[in-house]
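In what follows, structures are represented as structure tokens.
You will see chain A twice below: alongside chain B first, and alongside chain C after that.
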Partner chain A sequence: MTATHDEGLRVAAVRSAFLSRFRPRGAVWLAAPAVLVLLVVLAYPLGIVVWRSFTDPTVGVDNYVWFFQSAVNRTVLQRTFVVAAWVTLVSLICAYPYAYAMTIVGKNVRLALILCVLVPFWLSGVVRTLAWVILLQDSGVINSILRGLGLSPVKLIRTLPGVVIGMTQVLLPFMILPIYSVMKGIDTRLLQAARSLGAKPWKAFLQIYVPLSLPGVYAGAIIVFILSLGFYITPALLGGPRSILLSSLVQNQVLSLLNWGRGGAMGVVLLVATFVLLALAAPLMRQKHASSRREA
Partner chain B sequence: MPSFSRIFLGLFCLLVAILLLAPTLVVIPMSFNGNKSLAFPPVGFSWQWYENFFSNPDWTTSFSNSLIVALIVAVVATVIGTLAAFGVTRAAARTGGLLRALLITPMVVPGVVLAIGIYAVYLDTHLVGTVTGFVLAHTMLAIPFVLIAVQASLEVFDRRLETAASSLGAGRLTVFRTVTLPLILPGVLSGALFAFITSFDEIIVALFITSPYLKTLPVQIYSSITRDADPTVAAVGTLLFIATSLIIIAGLLLGMRRGRT
Partner chain C sequence: MHAPQRSAGAAIEIRKASKRYGAFTALNDIDLHIRPGEFMTLLGPSGSGKTTTLNLIAGFTDISSGTLEIGGKSVTGLPSHKRNIGVVFQHYALFPHMTVGKNVAYPLALRGIKGDDREKRVKRALDMVKMADFAHRYPNELSGGQQQRVALARALVFDPPLLLMDEPLGALDKKLREWLQLEIKRIHRELGTTFVYVTHDQEEALVLSDRIAVFNGGRIEQIGTGRELYDSPATLFVGRFIGESTVLRGSAEVSGDETVMTIGEQKVVANRRLAGDARPVILLRPERVALKRPGADVVPGENRLTGTIAEAIYLGSGSKYEVRLADGTVAVVRSPLGAADFGIGDTVDIAFLPSDLILLPDDASADVTLT
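Coming up: the complex of A and B.
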């Protein structure tokens, strides 16, 4: 009895040693179906976009020359980056104090604050944009409130500020959550230590707390900026002819003008901008991992 | 002075919370509007937009299309994404990291660029306006969410439990079915929920690969918004909001009960 049991254990030990030695190589193959899906519906389509931008209608860089020579395109490209920067800035201004408050309040208030961040996700994305049309339109909620306060109404719908407000609301959770997750891990005794050594509360906050929270700020800012660059539905519904962003221009070239080459070139510019930004931000993200490991 | 800055912080957070909740607060009353208008505040009270949603074939078929596509995507993406999560967690650290970066790229690629590429491929392969086309595209978009959710569960999963089970003679499949899967189930389920929502709510790719014969709900909502001021959209939004709330509350209650036992 014991002999067979021992033998069984020995076999199992040999087998698990065998498995653990060979599993790393074998495990990678479990991701094969996912990689296949990505090749077929992500890499291949993007490849076609790049290919057409260089070959449709003629082989060469004509489409890119056209893109960068046209004043309209340059304006739209610049506007896309400016809007993304505004959305990132406004989100950061809203998110930083909010995330900080989440770390200092009691359990129940924190739950309420977290719910306020998550509830917007429960409303369908397109419906949320419709809600902003209702809020921002000339006879909308915001202008009614302004009129009620005796102020003059502001033109918000079909303007850039309107687009920025709508996009900020949609993207704000992507700023709040990373900042909160970093702030949660900050040891507040460091602030007490600084204060006990004579630092003013504000100075302690700025010199100790803010630098420690920066990894979360970087992560949130890069996510919001990148998602803003590719935004399509919100600018299309809230914006007007003077607030067109690059995504709408791409859509217009392909669906309305059937110009795949030019649309493709614009798409490639957007894609390259996104990945260059990601590559630039990668070191900042890595810093986050390093610091969290140091804490652990 | 600190109390002053605390009050200021509280007021500021209240404003941010209002900003976050404003769309929801506007859509729900609008869905009971008595008039066919999107002017706020709504006038009168009626259920007509809900009736319209349930009786108008444009809305009911697009709703069932979305439901079918999202259910298939939830199953397919969860299986593929869970397998990938195992691959990423259990491969050598370097390979795993690279693989993970590769598999979450759909989250950062600008939607319109992806949409025109997929549209080009689908035009050549006659996949425009087909369930297969929608399922393929949405599965690709949903895989990152499943991967992240399952990977989070796998990272806290104690692999010695698997070793223990296999040392007691269980085969690899038995170990997976009776030990690993039950323990990572919360991650797998939340991955499936994310996959469902990703597909159900997806609009940009859908706008390109849709056809008059196969419209999903977001496409129907979008075309309704751009065509006229129809409060049916608000009714749909409210219904989806209630459905999502119920699912999430059910999930939380289930999780709490699990945690207690």
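Coming up: the complex of A and C.
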């Protein structure tokens, strides 16, 4: 008995000993080119932005005080988070069944589904957004169809729903791909096992498949949410004055008013808010089980 | 309160069952009766239909024609989640996001068993497989053997009258496999549940089973106890698949109740004849054959064939020899401890009594399937 008792621990110990013995020294230098690029194009400008937010035009926290004292800024900040949440939710609702379909269809259909995700991905965001302008505008395709059906037209362009629709379409691949990559590693024989233990098919799906797909859902949701927070082109082109998001305010401060300090402060607020959110989401993503992948 | 279980096992009655996938026939008209509480092993090479049979019983796939009854009731069209059968898979199939305890509790939760009763039954099932200390671990923290023991506990915790096992020890190393075989045997004895076990390992089948059904090419070749299959195989395939054997082929003549086969320039006499006019072959079991120096120790009536030792292996409990006969056939011989020693290149006679050889109809497919 005792021989097999500690087997699991021993396996783990052997595995880690193996890894540490064969981990080449100095492997960290393989990351050097990327680190260099990130330092030059990201860390340096970011440092400048943070610096100026505290020094331009005066040294201190004036820019932050201004930001939080302005009702418009607070509204826009809140709206930015609400829109990001909506985009994340709608993307998830669209992406989950789509990614699941990708795992169960035949090879050719799967290829077609992947292309459907990727081709728009290869088009520039501006082109796609302009396409949405054509579709959503008051005299656009959607409203023409509605009128043709004898229904009253809907105001979509320059509204928040319009912004959410456009952003969802642009960001959908970032939700589909992580979910799909986790789903395709789920051993569907576990569902068969669950059924043999007495689970109805839908119960097996909800209790076994869905929990195992959650890492992909979390990854996709975080990527989409964070990208939504800083999204500029799509909300700027599809939105109106009542649907301005924080990125437009930053652009306005920096490029129109040449107020680098205030623009920088806005950017820092967004960055900090994002970090806080990530910190809150981290425990969700920490998995106790290493993998659901098939091994046999 | 749930009494310590000694459930009555379910009988299985399969009649004229076939399973076709398009043009491919995975299972061809099989009949199989499994008694309540029996340990039945479905043995055969891969693609022989043994796993298909298991899947039919489990409800993972539908029967194409024929009938299948479990516990006296037809289960045709009954989905697997309503069959109340425990299944253990080769790939363990533990839920990676649940602890060992949660995994074992899962079938109980599905059956609405809650609280103390559930905990007690989980504990008892884990005790049975000696994994009670691991209830809070996750499956990926366990070795393969430990995972399979948990899977066994999970498949038995709801007291199913029938347990199916699909090559459950296939992914484990030899020592662990042998130990778990004995554990499975012990659990079967304690529970009285009907066990149906799929394997391609004939030794495993011999260790575990009350009876063995030997599958080949979608058919059942023979059903019997290990002893029956080993001592009196019904077909050449069964004779070769179970245990070690030497097959002798030659021109045969029947005279009265005897069959005389000429092998090389020597004659072998079998004291019986085959029904029908199939071409006979002789099957020898390695321990029913003695090695003797040419012409020495003659026993009246015995058959002798001359050859040279091609391989000699000391096994501790005895020795194993491969003897190349005059016609090129390699005969396998096991000598008990204390028998005379021979070296590679020695000329020897293999000697066996007419009653110790097995006479079977030739079947070319038996060779093809095994290579």
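Everything below uses one rule, namely that the second predicted complex is superposed on the first by the 242 of 296 C-alpha atoms of A that agree within 3 Å, B and C clash if a C-alpha of one lies under 4 Å from a C-alpha of the other, contacts with A are read in each partner's own complex, and residues count from 1 in each chain.
Just so it is clear, a contact is a pair of C-beta atoms (placed from the backbone, for glycine too) under 8 Å apart; a residue touches a chain by one contact, two chains touch by 3 or more.
Only a predicted model underlies this, so the values are computations on that prediction, with no experimental measurement involved.
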{"item": "Touched partner set for A:Leu42, first chain B, second chain C, both or neither", "value": "first"}
{"item": "Between chain B and chain C, more extensive residue contact with chain A", "value": "B"}
{"item": "Touching partner for A:Val250 - first (chain B), second (chain C), both, neither", "value": "first"}
{"item": "Which superposed partner A:Ile114 touches (first chain B, second chain C, both, neither)", "value": "neither"}
{"item": "First (chain B), second (chain C), both or neither touched by A:Ala281", "value": "neither"}
{"item": "First (chain B), second (chain C), both or neither touched by A:Leu146", "value": "neither"}
{"item": "Partner chain(s) touched by A:Pro211 [first = chain B, second = chain C, both, neither]", "value": "second"}
{"item": "Which superposed partner A:Gly198 touches (first chain B, second chain C, both, neither)", "value": "second"}
{"item": "Residues of chain A that lie at the interface with chain B and also at the interface with chain C", "value": "8, 12, 201"}
{"item": "Contact set on chain B toward chain A in their complex", "value": "2, 9-10, 12-13, 16-17, 19-24, 26-27, 30, 38-40, 79-81, 83-84, 86-92, 95, 99, 102-103, 105-106, 108-121, 136-137, 139-140, 143, 147, 163, 166-169, 201, 203-204, 208, 217-218, 221-222, 225-226, 233-234, 236-237, 240-241, 244-245, 248"}
{"item": "Chain C residues within the chain A interface of the complex", "value": "58-60, 79-87, 89-93, 95-97, 106-107, 110-111, 130, 133-134, 137-143, 145-146, 154-155, 158, 171, 176, 179"}
{"item": "Touching residues on chain A, where the partner in the complex is chain B", "value": "8-9, 12-13, 15-16, 19, 23-24, 27-35, 37-38, 40-42, 44-49, 52, 94-95, 97-98, 100-101, 113, 116-117, 119-120, 122-135, 137, 139-141, 144, 168-169, 172-173, 201, 226-227, 229-230, 232-233, 237, 247, 250-251, 254-255, 260, 263-264, 267-268, 270-271, 274-275, 278"}
{"item": "Chain C partner contacts - residues on chain A that touch it in the complex", "value": "1, 4-5, 7-8, 10-12, 187, 189-190, 192-201, 203-204, 207-208, 211-212, 288-292, 294-296"}
